[in-house]
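Below: one structure in structure tokens.
We just call them A, B, C and D in the order they show up, numbering each chain from 1.
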Amino acid sequence: MNFCSDNATGASPAVMESLTRANEGHTMPYGEDPLTARVESKIRSLFDTDAEVFLVSTGTASNSLALSVMTPPYGAIFCHPEAHIEVDECGAPEFFTGGAKLIHVDGENGLCTAAGFDAAWNHLGKSVHQVQPGAISLTQTSEAGTIYTLDTIRTIADAAHERGLHVHMDGARFANAIATLNCSPADMSWKAGVDVLSFGASKNGCFAAEAVVFFNRDLATTFEFHRKRGGHLFSKMRFISAQLDAYLDNDLWLDNARHANAMAKRLADGLSGVSGAAFRFTVDANLMFMELPEPVLDGLETDGFQFYRMADSKGKFIRLVTAFNTDPDDIENFIASALRHSGTA
Amino acid sequence: MNFCSDNATGASPAVMESLTRANEGHTMPYGEDPLTARVESKIRSLFDTDAEVFLVSTGTASNSLALSVMTPPYGAIFCHPEAHIEVDECGAPEFFTGGAKLIHVDGENGLCTAAGFDAAWNHLGKSVHQVQPGAISLTQTSEAGTIYTLDTIRTIADAAHERGLHVHMDGARFANAIATLNCSPADMSWKAGVDVLSFGASKNGCFAAEAVVFFNRDLATTFEFHRKRGGHLFSKMRFISAQLDAYLDNDLWLDNARHANAMAKRLADGLSGVSGAAFRFTVDANLMFMELPEPVLDGLETDGFQFYRMADSKGKFIRLVTAFNTDPDDIENFIASALRHSGTA
Amino acid sequence: MNFCSDNATGASPAVMESLTRANEGHTMPYGEDPLTARVESKIRSLFDTDAEVFLVSTGTASNSLALSVMTPPYGAIFCHPEAHIEVDECGAPEFFTGGAKLIHVDGENGLCTAAGFDAAWNHLGKSVHQVQPGAISLTQTSEAGTIYTLDTIRTIADAAHERGLHVHMDGARFANAIATLNCSPADMSWKAGVDVLSFGASKNGCFAAEAVVFFNRDLATTFEFHRKRGGHLFSKMRFISAQLDAYLDNDLWLDNARHANAMAKRLADGLSGVSGAAFRFTVDANLMFMELPEPVLDGLETDGFQFYRMADSKGKFIRLVTAFNTDPDDIENFIASALRHSGTA
Amino acid sequence: MNFCSDNATGASPAVMESLTRANEGHTMPYGEDPLTARVESKIRSLFDTDAEVFLVSTGTASNSLALSVMTPPYGAIFCHPEAHIEVDECGAPEFFTGGAKLIHVDGENGLCTAAGFDAAWNHLGKSVHQVQPGAISLTQTSEAGTIYTLDTIRTIADAAHERGLHVHMDGARFANAIATLNCSPADMSWKAGVDVLSFGASKNGCFAAEAVVFFNRDLATTFEFHRKRGGHLFSKMRFISAQLDAYLDNDLWLDNARHANAMAKRLADGLSGVSGAAFRFTVDANLMFMELPEPVLDGLETDGFQFYRMADSKGKFIRLVTAFNTDPDDIENFIASALRHSGTA
């Protein structure tokens, strides 16, 4: 009954079985194996385009390595002030890019807006004294659990391209956004103007597998060297590939995300009936930030539910995250517990 | 019948079973799980000292991250000209240290010597214009498949410490060296003066698991930040830990290495009977570099054996590597094939 | 009649004469000369403390090199959103620190406040996933031309030290602030909690001379290596030192700043009588940001006055900067021109 | 009577006078002044080609910034083991390139050879695991005081270009080589295959002025950002330009070098008559490395002559450097002193 993070889960059974199969026999190392080639091919099919694909094992590596080829070291990376690359990677983007500067693009509900990007762009000086255009990074699903419309992505991406910036998407929860928008992966990425996607899988059924997908193939030329010298080229790559091989089969990636989203929706619906409940953002995917009365929180914890307590200038709140394997009974029990402790049951 | 690399193998069955067990239930992410704590404790026991332990997933990450806290960015890292950190990591040590310079320590048979270190040290200027003392890195088992005696390690480590350098050991094949020297892990590391060890497992029965072991705990203070911003802190860390948990049980790590070494010894013995065979270095562990007549090499390949062909200023040669799961029959078949094609069978 | 910048000026006559004298004879290079030693000693006397002193030649080098020893590469540097290190150095602090992140401390009138620092500090997560405490940098005189009180500096410095941060002062216009506050250099630096000061001279009578002054001597240990590998250790150092030698003699530094400030005060007073004039900030030193009606601006330019036109989300404005050698007649002429073109003369 | 270094000298009188003239009036900062434009134009004329020119103030900055745009961070820079960039810049090239690796190109007499480059190139692996082709850097005049023939430069440059490397020339003593070879600056640079030249002046009559000259203009595109964030864009640039303005007038640069070379030649000729004198290298320019008997060295020092004593694996030796303003009488006195103390006078 851990609602702290989708990172607290293990992997889908099919992923584990794939791993066991991949362990058979010898293969050439460093991604020169047929399984890795197959996964790359599957990803190209999934996105319906001839992308360059590179596998890594963590989201931080995926984002930072992607950005390392999208901006010069004296470059600017525009992102939301609460983006994972800004607040949760201990400076990894700065490290991998050789010192690029992350510049805040404001926007409500955890999402950058075109107006916010305009303002940030206009505020940035345009001489040799300032950092130069590098990239903009959009997080889909955002850290707030909210989701960009395709139109917004396209509008921002167009504005970015006009200004000489590349467009990165942090898709740690890409699948959850697809599940919500019910569009194709192509629609939400290259057709909307995304140059490079960090396609996450570790949170959604794999345990250490991410793909960096270059729709703009020109940007991919030197990626392999950045990956290698970052220590992210696996000798026994097939064990990364095996995870994604199963993840991409039979729509596992999408079914997993749909389940997680459905659990979140049910949880949010149920909790909205608790007196004093207030949501910080819309609940578009598999995570939510909300306020609940202290006695309710204490009661939930007493009943064995785990979640992160947080606080900001507006006050205290909690984060609840569902996952691909969240038990529906746990959701119902959580809601019941909250209602009971709020005295409204 | 792949003798290219110990990287061409999969993982030990016990490691895969451990992984499956680790997949059960929820745990806290980022190494805050009990399995990771258990592995850290096992490593402390194995080395019989209260070391600080950090898990990563690749050898390059292990070496580079270790070095990143052992030298300033304007520092010197002394190593053999054929060290993995010098020739096979695409500049990862330079990247992680922020620009340290690797300085060659010469020595025959793939091993640094104390005299070689003296010469390199004396050649380095000692003013503000030169890079400053950082670390020396010894590879045990070396890239040449040779092994340092404990005395040599101690002598070099003492000389390094006197000069203000820290001592790193690249132990990608640490287990193979222990199997040969038949000493304790403590004897070959901190008791011989090693400050930080990159304890490899990925080549010897795991698939993506390495431990950075700090015997000099002062050096460990900031390591976690370097690991995180390098993208090497795994959210679902238990899947790294699970590999090492099995690896360290029942002497699996040592049995695996002993097997690989025995296979190499039998292979070397058998091939020494081939007319025209010449070994570049002594065969101390599980890999060898040797010359064989071209017709023998062609014949071996025709018979389905895979290995790397190489060349240097002294001429052509091949590399042969055995592994924890090398089939003894493959060894005998290899020898027989070589003898047959050399016309000496 | 150039009011664009104090960078548009040359050097004080005494500085040029000192340079000519320094050109005599041979001296040892790289700062091992008696003139450099004398300047270091003069700076210690000026600040009435046994500081470590290093000379460099640009403000960007001074700030960035100072910060490079005050924060780890995964560190946070707190500063005002309009600080020179944030908006005018093309990412130099990120470069020299190896990727530190600059975090905004809000505050009106171009100045960080203690409350702004509290908010920024509290917003920064405190786990391995976030950048770690490095430094706070205060600009005195600020980029807005405003000046911190000694109390504010001390309050912020105390809060920074309590949290494990070092305190940097960007003193590109340090002299102008001293001229205004009429306190001692010690009062405005180490006695107020400053660990490292970038003591500027290039804008105020020298042409390429700055001193990095370490009141916290522990931070100075490795500075010389950072300076050298940044290409900022001059072989013929005496030509940097010679500038400062004259600058520090006979209160030239202070007289120059007093003159510049007096010119700015007279200019501000005069322009406040122009219809439509509005100042963005208080005019505490030698620069001001203000709005003037377009016809006035056009008229001033027609009359041969140069200044920067700028714009932000609040509208258009100009920057006017006076210098150590601003001609009082130019000030009167500027005021008269503005009044005439505003039709109020 | 200081023969330690050409860095121990001041500046030519004409350079100082130019500086004084440059101090008049206001100009726009950061190189937007007419004097800087004039110097850039003069350098284009001197090299008889439409090069991009950037001014900096130290040799280390010039070399490192040049290399920063000639190699990726995971790149290889080939150079002689005794190159200034390798042994005397405290890792500046690694810093400015973001971690490139310097690879030794052996060669007698302080000069890289084509064969040495071939060997180094062939030894470098060509896969993702190795650093990638970046640049080769030739030092003309070399650190040994020897000089490449135009043919050798061309041969090495051609080999480098064929392999995808750019060609850098460290011309800290470029003028001295021109004086010896008696060829045009174009002949010794772009016509011989040099892409980027660090054109030194600080040692030869200026005090802090160097030009980075891009014959390959494509490489210059981003240089200004590297210069700025390295802290090497001077606000009062005219004071750098003024030095070069005079340096390039009336062949001052060449006359200065000719004088220094002539002094060195006379000194070498005179010292060759000292019993026990042995030169390490040919004396092609203005510096020499030689052995002299201890009593001679002691006697010289007693007589007030300063020089660096050094030692390597072959034994002790000294370095003697002449400069643009070396007094011929000092040369004669040095020779006489040496002869006298050797008992051969």
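What we mean here is this: contacts are C-beta pairs under 8 Å (C-beta built on N, C-alpha and C of every residue); 3 or more make two chains touch, one makes a residue touch a chain.
Just so we're clear, the structure is a prediction, and the values are computed from it rather than from any experiment.
J.: Need the most distant chain from subunit C, centre defined as the mean of C-alpha atoms.
T.: B
J.: If you tally the C-beta contacts, which comes out ahead, B-D or B-C?
T.: B-D
J.: Measure off the straight-line distance from the CA centroid of subunit A to the CA centroid of subunit B, and report it in whole Å.
T.: Measuring from centre to centre gives 34 Å for this pair.
J.: Need the CA-centroid distance for the pair subunit B / subunit C, whole Å please.
T.: Computed from C-alpha means, the inter-chain centre distance equals 51 Å.
J.: Taking each chain's centre as the mean of its CA atoms, how far is subunit B from subunit D in angstrom?
T.: 41
J.: Touching at least two other chains at once: which residues of subunit C meet that condition?
T.: 30, 73-74, 89-91, 94-95, 98-99, 128-129, 132, 225, 228-229, 233
J.: Name, in rising order, each residue of subunit A that touches subunit C in their complex.
T.: That would be residues 73-75, 87-91, 94-95, 98-102, 119, 122-123, 125, 128-132, 312-313 of subunit A.
J.: Which residues, counting only subunit C, touch subunit B once they are in their complex?
T.: Where subunit C meets subunit B, its residues are 30, 72-74, 98-99, 128-129, 132, 222, 224-226, 228-229, 233.
J.: Which bits of subunit D are touching subunit C when the two form their complex?
T.: Residues of subunit D touching subunit C: 1-2, 4-5, 7-11, 16, 19-20, 22-30, 56-62, 64-65, 89-92, 94-96, 202-203, 207-208, 225, 228-236, 238-240.
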